[in-house]
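Read through the structures below before going on.
What follows is a pair of complexes built around chain A, which joins chain B in one and chain C in the other.
Up next, the complex of A and B:
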């Protein structure tokens, strides 16, 4: 198992280098000159040229790429933001915890609320509880996040004036972003959990457990739940990864000062060091979360664990 | 004390599937003595498994309905027991072996844990004692006790079936319902498993209902045989009687469709046609549409059970009561 984790960590480094390479290349070829955006319109050609020289933007692609990768991965220097004039990492370190917390809260709430609802619906299959739940889930899944966010802002901030529409000062600021981010997660998890529970209910080993005289409660919690959770964990992991990178929408609607908003602003100002580092840190967190999910997965399902261990030893079980 | 250990009277079970009502079991009555093995033979969908699940009352409660009948076990009316009392019967006095060992074990629990669960539930012992008993059971079915902590995916099909058997026998049941215990296994393993079931049955003097569609298995293990067709017992009797003098045309058809090494025939003789649609059973004898001897009288009304000899009865108008 440890060998497997080690191998995955090595992969993680490779993924980061790959991400750095891709984001650098993409930003290199994207039109728009940072000098035009950073300097006032009245700046002369010489002034612009000096600005470019100072940042090394006149060097060839290979030279710039080499310098960037060397700085980032060998010297761990992530550069200074051109717009804010502060080290990018300093800015990201203050913002990342917020983005991470927002993601974590929405994912945990989505799981904690969505999974029991899905089980409940499955255990009441084809009765009114199930039908109501599935209609609601359908609505939840179909609603675009930004639209829901705007509707909530209109209702709670403008009409009722219960909650602030932007900022980060108090707990109240977190309410709307969390609700917006959670709705789709709850709906997705409930639907997934329902179908995965229904699949488990029909399994032979559930009949075996009943035939052994296991009380119904234990049948559900001990035999059904762990099996029904296996596919869900994978889905929640993917959701988590996606939501860390995907808080951009939430953060920009609610002006929530996280990495997503920072990234968006940096793109608008062609602040290359800020863009690259934001993407890199989002990639890093996503990869770590996926790694953790895979490990949890292995802990629940012995079949997966056996596979990991076997592939770690360089052989696979048929 | 009642001589019959298990006495099923006029059992009727229906399933609802969408708007249609599936008549799975239609008035089955059968008796079983202590220590006896009854073979329940029939095609897929004839209602064999439903009968076994009715005894344990583990039919899906949403779709299945035990419409009518009485199941007496050792003088106790199983259908009038509460769910809580039923839990004490399941896995303890009556246990069941399911058809497919590949899917009958919970993939995320160790095999030892699954057996120990049953022991703990019924013998009210602590975990250590349950483990000890489990190891004994594993050894008894020929699995080294060191494999207690392994998971089902680490076992082969035959080994899994041994685990399932160990689990079913862990609490010394008085009645074992074996639902096609060997169909999913290859022939050599089949023989081993059958031999083991036979041996264990002798040791514990259990009564057993062996559900199968394999007449060879019946010949090897059972004392009595019931032939099921479309949710009805069409013929029941001792193995010798049924194998030597099959009375019902369906039973005759079953034997006729077996390959015979001596006759030199190139082709088998299958029973023509398909079993009737259980949502729309024909009036009268359900086998009449496929029966070469069917008359209008057969299609008119339900056929009563006739006693042919002392322990051989059959639902067919062609037979005369003996």
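Up next, the complex of A and C:
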């Protein structure tokens, strides 16, 4: 087991270097001269040249890539933002906790509310409870998140004036971003949990349990649920990646000062060090969460555990 | 045995003939799926025949009706320069549907081609291929799309490319996972034993067996892509105003949210309805293709 985890962690670090390479390469081709972005319009040709030399922008692609990777991974230096003139690392340190918390809260709430609803729907299959819930869930997964956010802003901030529409500082600022992020999560989890439960209902071991006279309550809670929950764990892990990516749009609607908003502002000003580092840090957090989910998954499901413990070759990622 | 069968002139009913016919029959019975299909067809027809259906031109400005609220003359109201929102939504359906369809279908085809190859080959090819996909997919797809459209710049084709690049790794992963399961099946052993070529085994035998989940995935994927494209346009990447794309309309209407919420409400409903119809149809299609799931 430990060997497996170690292997996965090592691979995660390698993937991150690959990710940094992809980010650097994609951003290398961004049109526009960085000197125009960072320096005021009145800067002379010599000043621009000096700026380019200082950042090594006149070097070849390979040299720049090498320097970027060396700085990022060996010295853990994310560079200085061209527009704000502060170390990017410092900015990310203050913003990442907010983005991470927002994602975490929405994922947890989505699971805590969505899963029981899905089970409830499955146990009432084809009755009105099931139908209502699945119609609502369908609408929930079909709405664009940022549009729902705008609708909530219109209702709660502009019409009812209960909540602030933007900013950070009080708990009230978190309410709308959390609600927006949670709706889709609840809907997705409810749908998945319902189909996963329905699949388990038909298994032989459920018939066996019923046949030997296990009370229905205990059939549901002891035999059905643990098995139905297994696929959900994987889906929740994948949701985290989606939610981290989705924060960019969501944070821009609520002007929520997280990494997503920082990334968006940096894109508008073509602030390359800031763009690269914020994407890298978001990718890093996504990867770590996925890894944790994978390990939990392996611990919970004895079938998967057996696969890699026995062969010793490590589980292939499906 | 009835007479017709004895005489050999028994004609099977259409619905007994093929797998395809059976799937269609099951699909036709599913009310939700049919509702989705009808909605989808309506939206597609509206998009195709936009110039004949739209009451006004999507770009014509009418300064007399700036910010006009919904009325009998302008059903969904007008925007900040007096363009009819309904007409813009109708034209916008062309962008959303076509980008969603092209980006998603092409990325699924690429995903199936590559995924089958590495899933069937296995061994080193699989190892290296999946490591590349791991790195490729390590950037959450929305972020990757944002990065790529930053580099490529705005525009219709560039948006499609950005969506394609961010969608492909998911397609490869799911195809490969299905192929790993199929690889051990008896029918492939049989194909190998009669010395069928690798290409033939992969694309004639394996692909048909993994195609139905792929079709369902594509249907649902179009909806997700439409939402992502709208999101890209909303944050100012992707398709830009004044093009009547739904996300771009939302972005333009955001500044007037306080006074004229109708500019935001209707484009969002258009997106949600389109995605809803795709999801309803996709759900129905999955049930129809996999009848075990629903009894």
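As a convention for this text, the second predicted complex is superposed on the first by the 311 of 318 C-alpha atoms of A that agree within 3 Å, B and C clash if a C-alpha of one lies under 4 Å from a C-alpha of the other, contacts with A are read in each partner's own complex, and residues count from 1 in each chain.
Please note the rule applied: contacts are C-beta pairs under 8 Å (C-beta built on N, C-alpha and C of every residue); 3 or more make two chains touch, one makes a residue touch a chain.
Everything numeric here is computed off the predicted structure, so don't read it as measured data.
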Touched partner set for A:293, first chain B, second chain C, both or neither: neither
Chain B versus chain C as contact partner of A:119, first or second or both or neither: neither
Winner by number of chain A residues touched, once chain B and chain C are compared: C
Chain B versus chain C as contact partner of A:301, first or second or both or neither: first
Partner chain in contact with A:268 - chain B first, chain C second, else both or neither: second
Which of chain B and chain C A:152 touches, first, second, both or neither: neither
Residue numbers on chain A that touch chain B, as the complex places them: 125-126, 203-205, 207-216, 222-223, 226-227, 230, 300-303, 306
Chain A - residues contacting chain C, complex: 11, 15-16, 18-19, 21-23, 26-27, 29-31, 138-139, 141-148, 150-151, 153-154, 158, 195, 198-199, 241-242, 244-246, 248-249, 252, 263-264, 267-268, 275, 279, 282-283, 286-287, 316-318
Chain A contact footprint on chain C (complex, rising order): 130, 134-136, 138-143, 146-148, 150-151, 153, 173, 177, 180, 223, 227, 230-231, 234-237, 247, 250, 254, 257-258, 261, 264-265, 267-268, 271-272, 275-276, 279-280, 283, 293
Chain A contact footprint on chain B (complex, rising order): 53, 56, 58, 62, 83, 87-92, 95-96, 98-100, 103-109, 117-118, 121-122, 151, 153-154, 164, 167
